[in-house]
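So the structure is just underneath, and the comments pick up after that.
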Amino acid sequence: MLSFLFKRRAFQGGVHPEDRKQATSHLPIQTLPLPERLYVPVQQHIGAAAQPRVQTGQKVLKGEMIATGSGPVSAAVHAPTSGTVVAVEPHPAPHPSGLPVQTIVIEPDGDDRWVDEPEPEHALNLEPEVIAQRVAEAGVVGMGGATFPAAIKLNLGSRHTIDTLVINGSECEPYLTCDDRLMRERTQEVIDGVRIMRHALGARHTLIVLEDNKPEALAALQEHLYEMDHLEAISVPTRYPMGSEKHMIKAVTGREIPAGKLGADIGVIVHNVGTAYAVHRAVRMRRPLVSRIVTVGGGAVQRPANLQVPLGTRVEELLAYCGGTRETPARLLMGGPMMGQIMPHAQVPVVKGTNGVIALTAAEINIDDPMPCIRCGRCVAACPCGLMPLEMASRIRSEDMDGAAAYGLMDCVACGSCSYVCPSHIPLVQYFQHAKGVLADRREQQRRQEELKELAQQRRARQEAEAKAKAEAAARKKAEREAKKRAQQAKAKEKPAPAKDNEKAEA
Amino acid sequence: MTHPAKLILDDYRRLFRDGIWDNNVVMAQMLALCPLLAVTGTATNGLGMGLATTFVMVAAALLISMLRGIITPEVRIPVFILLIAALVTLVDLVMNAYLYEMHKALGLFIPLIVTNCAILGRAESFASRQPVHRAVVDGLAMGVGFTLILVVLGAVREIPGSGTLFADARLLLGDGFAWMELTLIPEYRGFLLMILPPGAFLALGFILAGKRVLDTRLANRAAAVKMAQA
Amino acid sequence: MYAAIVVLTAMGLLLGYSLGMAAKYLKVEKDPLVDEIEDMLPGTNCGQCGLPGCSSAAQALAAHEAPVTLCPPGGKALAQQLADKLSVSVDLSGMEEEAPAFARIKEDQCNGCTRCYKVCATDAIMGANRQIHTVFTEACNGCGKCVEVCPTNGLVLVPETPTLRTWRWSKPEAR
Amino acid sequence: MTEFMLLLLGTALVNNVVLVQFLGLCPFMGVSNKLDTALSMGLATTFVLTLASVAGWLLEYFVLAPLDLGFLRILSFILVIAAVVQFTELVIRKTSAALHRVLGIFLPLITTNCAVLGVALLNIQEGHGFLQSVTFGFGAALGFTLVMVIFAGLRERLAVNNVPAAFAGAPIAFIVAGLLSLGFMGFAGLDFA
Amino acid sequence: MTTTTPVSGPHTHAPGGVTTQMGWVILALLPATAFGVYLFGWPALNLLLITVLAAIAFEVISLRIAKRPVTPFLMDGSALLTGLLLALTLPPWAPWWIAVLGAGFAIVVGKHVFGGLGQNLFNPAMLARVALLVSFPLEMTTWVTPQPMFAEGSPGFIEGLAITFGLAAIPDAMTGATVLGETQTGFSRDLGLSETLPGVYDPMQQALGFIPASMGEGSALLLLAGGLVLMARRIISWEIPVAMLGTLAGLATIFMLIDPERFAGPGLHLISGGAMLAAFFIATDPVTSPSTMRGRLIFGAGCGLLIYVIRTWGGYPEGIAFAIILMNGLAPLIDHYLRPRTYGRTRGGKPLEPKASAPAAPVTEKRP
Amino acid sequence: MTTVAQPSYRQRVGYHSALLGGIALMASAVLVITDMQTRDTIAERQAEDFRQTLEQVIPASVHDNQPQQDTYQLQTADGSSLEIYRARQEGRVSAVAFQVTGRGYAGPIEILMGVDAEGEVLGVRVLRHKETPGLGDKIEVARDPWILSFDGLSLGDPPRDDWAVKKDGGIFDQFTGATITPRVVVNAVRDGLELFEQHRSTLLQRGDESAPSALAPPPALLSPEEPTS
């Protein structure tokens, strides 16, 4: 009778948010017409911002590199269409703060002309390093939301033994259907991208993993896969956050990534299906990443849709294309409702990591004013990382960040399962984000202090050395003077008592 | 110029203010809790304990301050303890002989004046560094402060607990003090919790909270006055 | 009755003897705490704590003569560390987590007197005599000494401009 | 054997030194902010308390009683306790530097923990035999450690809770101690017969 | 379309909140409460209303003093629930001042000095019950045999008021002792269970509630039903009730097998003394119980153990309230030491050893 | 205080030893004197205390000796011994007092009872108990006169079966809400009377024979099994 309580689960914790995908899952991908202006930020990825290499007034062609990656973790940015650069200036970033970020503003000329027309390549003959390099040149970043430069992950095969490549098609966030549509409509391209990545990594097994709420996509994939390929598509139970790398690995391989390590350390690499598609475009078609598929949804949107959008298009254009909003959205999000970011306004551009633009009504949000924690433990049960969110939050509330860290703050993936279930509607994730920020500030400050200490010590050493040198110089001078004097005296009076002089010198 | 006598008086006033309120053994230093909670079933017991402790405190302060010149750090603590223990034994014997009933009521807690942390603490931090007169006044102030809180806690527990105040005061102070024994609520069966151990903790908790509220009020008022003057 | 006197005196003698021996043979070495604390302090000897430098600050802290919140450059984090080290409990909620500030030279007012250059403990100011000086922000700890000495009021402390990298989530309001 | 087990349980739970007998309250209140410290304090006290019970018993029945020196009991006990504490500290310092770092600062505090003297005196007052004294001392220390650790756990929770300003700190700690002792009243009259 | 302060995700929420939870608990208690009111008549209804209203009044006063918003905190229903649970554990004909004093202790000392909802360390209702028990043992152990409402001989509305407000004494003929009280009295007369139990203990009557008891002690079956509803709705977890009742029954069985004259069996222990109420509604109070699964198992087992020990060997005839307060005291320790295992770490909190390239992933075989 | 320079002799172990020893010497001297001053008074007080309790169960009118000094160890049937205080009128034992114990609600209840030569209760007092204040503590004479209801009763009056609280069909009042405590006291007193009855001859005749003396005879001389002529 109690067997339902003991059901073995793919990973501990997790939640079942209402998935609300039916509004868009049946809608084919439409191409958004070119907007009047494109606002392309130089920072669309994790890591250092790219360096702009165009000037105002310069003409650019579609796919032309307009900013180069700088440093080991960075990604290039390409012109999403042909046109004129009208400004390189700060512009509000697609970020909750709405702070400005360096942005290249392009006025399309309407031709949408590519830089070049290369031949498709026999990608599977290429060396892994070459593949990685092409991916890097194409500015491909992880399309699953983390926007980590994909080339770096594809290069990991050289340093680690990768036995399994997992392609993440779970799309566990409510509302989002862009990956689903991608797998259904561009199945072969996705599979080709997967093959290229597998080749680059040298993985023996490859799994394309879907949640079991996407049977059509699974069928489409399986239709194009054949048995001997060691490449298969499987479905896993629908449970948020199945899409999280750690939990997906646990669910399909039973392995856990040790704290502080990467998937590669246990031989598994996870990539999003969108990334696979982008890799296919980059390596096979030699096309950089200049557009992406975005789900526009949420109760406040007139006509939800799946759109292929040039990067840099402002969110308001997407909404306008979808017939505008029926009511003022209570929250405008980029990404899904669980991990997506709230946008300060609709004038922010779509970037490489934008998988959804979701305009939610108050009823959909369903978040009340927070009450005190009643220690019900639901957050503990929901946390897929085995943390105790309530303890971390109470410590953060009383400013005990170290206490929160001791409770595992740094192991939190910010999935939001805990906040989602909390009956007291406590913004737990925001507490954690805040604390992570404070700790980061502290580390930063500490690092600075170390540096400053070093500097101060150097200065002191220098000053001391100078003082010593000065003193020595003075002593030397004095000695010289004395010697001179003595010589003069000696010269002047040939016969004084020499003992007296000795005494003086000694004193 | 202020008269030296006034200076001394001011100094003593400060010491008393410290002992009774600002740096009260219990309310500020959180020491001497065992006798405090254990014997305050009635205000009378509290008074008895307070008087005994005050005597020991004053005498210990006197002796220790007098001896402070010859005591070395190595044997400081044993010497203090020895002196305090001797004084306590003295009190014990005398009370046993001349205040027999009271002695029965205070029981184990007379000997434990020895380990009353407050006495040793005060000996360490004050008496052993101060001239005799200040040490004695301080001992007295601390003792009075302790006695006051003992009596207050005793009253706070006794009134709701058994409906009386200073019950059996006669046994402590002599028949002349029978008038102190009040029965506030006749035929009252009592809110027993207050005289049981939990009540002791609860009552002290609420007294401390009360002091906190009072202190903030006073501080606010003082700040307001200062603002007004400025 | 003499037994009483004998017994107690004997105990006293014995205890005094053993304590004396203990004190002699088991002397505690110099308190290593001061050094440990000094290591934790920023070490820029900026004097904002009102003490002549970090090592005297460390001594004062070890002797519990100064509050753990004494060092502004160290901020709340240092105060917390110190509190833990000294096992004292402090309420740090009142202590503002001050946004770090940096000195900036108003170029039109700098006359190149080099005074600021000389007081800066971290060599954050660069420039030569009679030339406009600049502050190397990475090395500035915002102590403000240079601001004090500048004869033309040409130095100001400005807070860091927020960027996406330095932006932080605020703490939620709790009811 | 059962007799001693029952005495142990009775001393630790039914007549808990702190919550029922009101002994050792200052360290109970003072050193219970952190769980780890509370545990260390409890262990140090356990050691000293047991040893002091033994020493007190020996002193009483080999020196004080034969010589009819009952009135010197307080004086000699406290001296012996001071010696035991000092001795413990020496031993710990010699044998384990790590242990000394954990327990060291608490040892001097124990001299003025009235539970130590109180239990030694109670042993005599109740006429306990030698083994009984040991059991009683150990049981009392066990009870002390137990409530100390429980209380420290509760206070760690209080520290992150939203206690009103008037009660935060000492007042609420006393109230919690009171409520805990209310719970311990459930053991009153516990009688394994 | 602009948001002033950025808020972090998630931007959606599962249905329900604190009020909903409390509401369900109250709902689940209603059948047993209604039955109790029916069994013990007007005085019981009076007591119930007084306790609940007093609890709410004290809540409002406390919130006012603390200068906190009254409406949201009153609407959460926790004060109502505390009052209701307290009323269910009082002798149904207790005088009004017991109810008021108890509600005051629960809400003020048990809850608001800690900072109100969610901040308290002990179960407010149980604190109040224990404080009343040790302070007013007479009133708190005066039980009546069931006098169903409108039945012959049972007090009418006016008489009910008289009883509650202390104007009329409870007729001796109507008083009785609870089973546990009766067995304890029996032991003091050196009577074994076989002599005391017949006549006072009939499992069926006991389970239904036709016994001298509090409203929450009888009607064990209705309480069980309510508890199962809460479990099914995931408002309470299964761990605490199962562990608590399991431990209690297990211990009772073991000792009964050792000496049936001295130790009552599991049946009596489970259906008397409010074990059901405690297992499903009181020990499960989220605020004062551990928040992890393993913690709750330990907590429940500890409650069961303490209840058995105090009932069997202790001085008080009932153990539940004490056991729960004691385990509440241990809950922070349990939560401190029994944390769940963090992903990627061992139970001790150390990172796992990386299992470099494990053999082929098990699921690859599973292609449909 | 730590920074003050110490004369060198103070750092010697001998100084510490002497200091502590000297202070111990003085302390013990003071205490010895106090002890000598108070020892007798304390003993008197304790004796007086006990005498007053005894007085309550054996009225002064029935004796002319000091019962607290006229003790006798009675060997009871279960092998333990019981201290008996004997009151004498002109050398003849007129009444005895002894202690009985019952297991009350919350622990043992120790009772002192006085019985005259006829087996009639002269007085009963509770010495120590742990019953609940406000409930079981009405057995203290200071709170309730209930305990006086034993005065003048004996085993036959009332009849044996009536030696019980009313709830159990006897004649003694119980307290509302607390039956256990009075039940235990009634049983204990009855048991005490039965004990007296059993050993009556020993208790009374023994006394007749030996001359009244201030000192209790050494127990070795008194062997209760030994028949007396």
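Note that the chains take the letters A, B, C, D, E and F in the order they are written out, and that residue 1 is the start of every chain.
By definition in this document, contacts are C-beta pairs under 8 Å (C-beta built on N, C-alpha and C of every residue); 3 or more make two chains touch, one makes a residue touch a chain.
Since we're looking at a predicted model, the values are computed, not measured.
Asks: Going only through chains that touch each other, how many steps at minimum separate chain B from chain E?
Replies: The least step count works out to 1.
Asks: If each step moves to a chain the current one touches, what is the fewest number of steps from chain C to chain E?
Replies: Steps on the shortest route: 1.
Asks: Tell me which chains count as touching both chain C and chain F.
Replies: Where chain C and chain F share a partner, that partner set is B, D, E.
Asks: Which of the chain pairs holds the record for C-beta pairs in contact?
Replies: A-E
Asks: As a test of understanding: of all chains, whose mean C-alpha position lies farthest from that of chain D?
Replies: A
Asks: Starting from the Cα centroid of chain C, hunt down the chain whose centroid lies farthest away.
Replies: The most distant chain relative to chain C turns out to be F.
Asks: Using Cα averages as centroids, what's the distance between chain C and chain D in whole Å?
Replies: From the centre of chain C to the centre of chain D is 39 Å.
Asks: Round to the nearest whole Å and give the separation of the Cα centres of chain D and chain F.
Replies: Centre-to-centre distance between chain D and chain F: 32 Å.
Asks: Determine the centre-to-centre distance between chain B and chain F, using the mean Cα coordinates as centres, and give it in whole Å.
Replies: Measuring from centre to centre gives 35 Å for this pair.
Asks: Nearest whole angstrom, what separates the Cα centre of chain A from the Cα centre of chain B?
Replies: 64
Asks: Residues of chain E that touch two or more other chains: which are they?
Replies: 6, 8, 72, 109, 113, 115-116, 119, 131, 134, 138, 315
Asks: Give me the residue numbers in chain C that touch at least two other chains, ranges are fine.
Replies: 4, 7-8, 11-12, 15-16, 19-20, 22-23, 169-170, 174-175
Asks: Residues of chain D touching 2+ other chains?
Replies: Chain D, residues with two or more chain partners: 71-72, 75, 79, 82, 161-162, 167, 171-172, 175, 179, 182, 185, 188-189.
Asks: I'd like to see which chains touch which, written out pair by pair.
Replies: A-C, A-D, A-E, B-C, B-D, B-E, B-F, C-D, C-E, C-F, D-E, D-F, E-F
Asks: Which chain F residues qualify as touching chain B in the complex?
Replies: It comes out as residues 1-2, 6, 10-11, 15-16, 19-20, 23-24, 27-28, 30-31, 34-35, 37-38, 41-42, 45-46, 49, 132-134.
Asks: Which residues of chain A touch chain C in their complex?
Replies: These residues of chain A touch chain C: 43, 93, 95, 97, 99, 101, 369-372, 396-399, 402, 426-427, 430-431, 433-434, 436-438, 440-442, 445-446, 448-449, 451-453, 455-459.
Asks: Could you pull out which chain B residues touch chain F in their complex?
Replies: Spelled out, the residues of chain B in touch with chain F are 67, 70-75, 78-79, 82-83, 85-86, 89-90, 93-94, 96-98, 100, 128-129, 189-190, 192, 195.
Asks: Under the stated contact criterion, what part of chain B meets chain C in this complex?
Replies: Touch residues, chain B against chain C: 73-75, 78, 82.
Asks: What residues on chain B touch chain D, complex-wise?
Replies: 30-34, 37-38, 77-78, 81-82, 85-86, 88-89, 92-93, 108, 111-112, 114-117, 120-121, 193, 196-202, 204-206, 208-209, 212-213, 216
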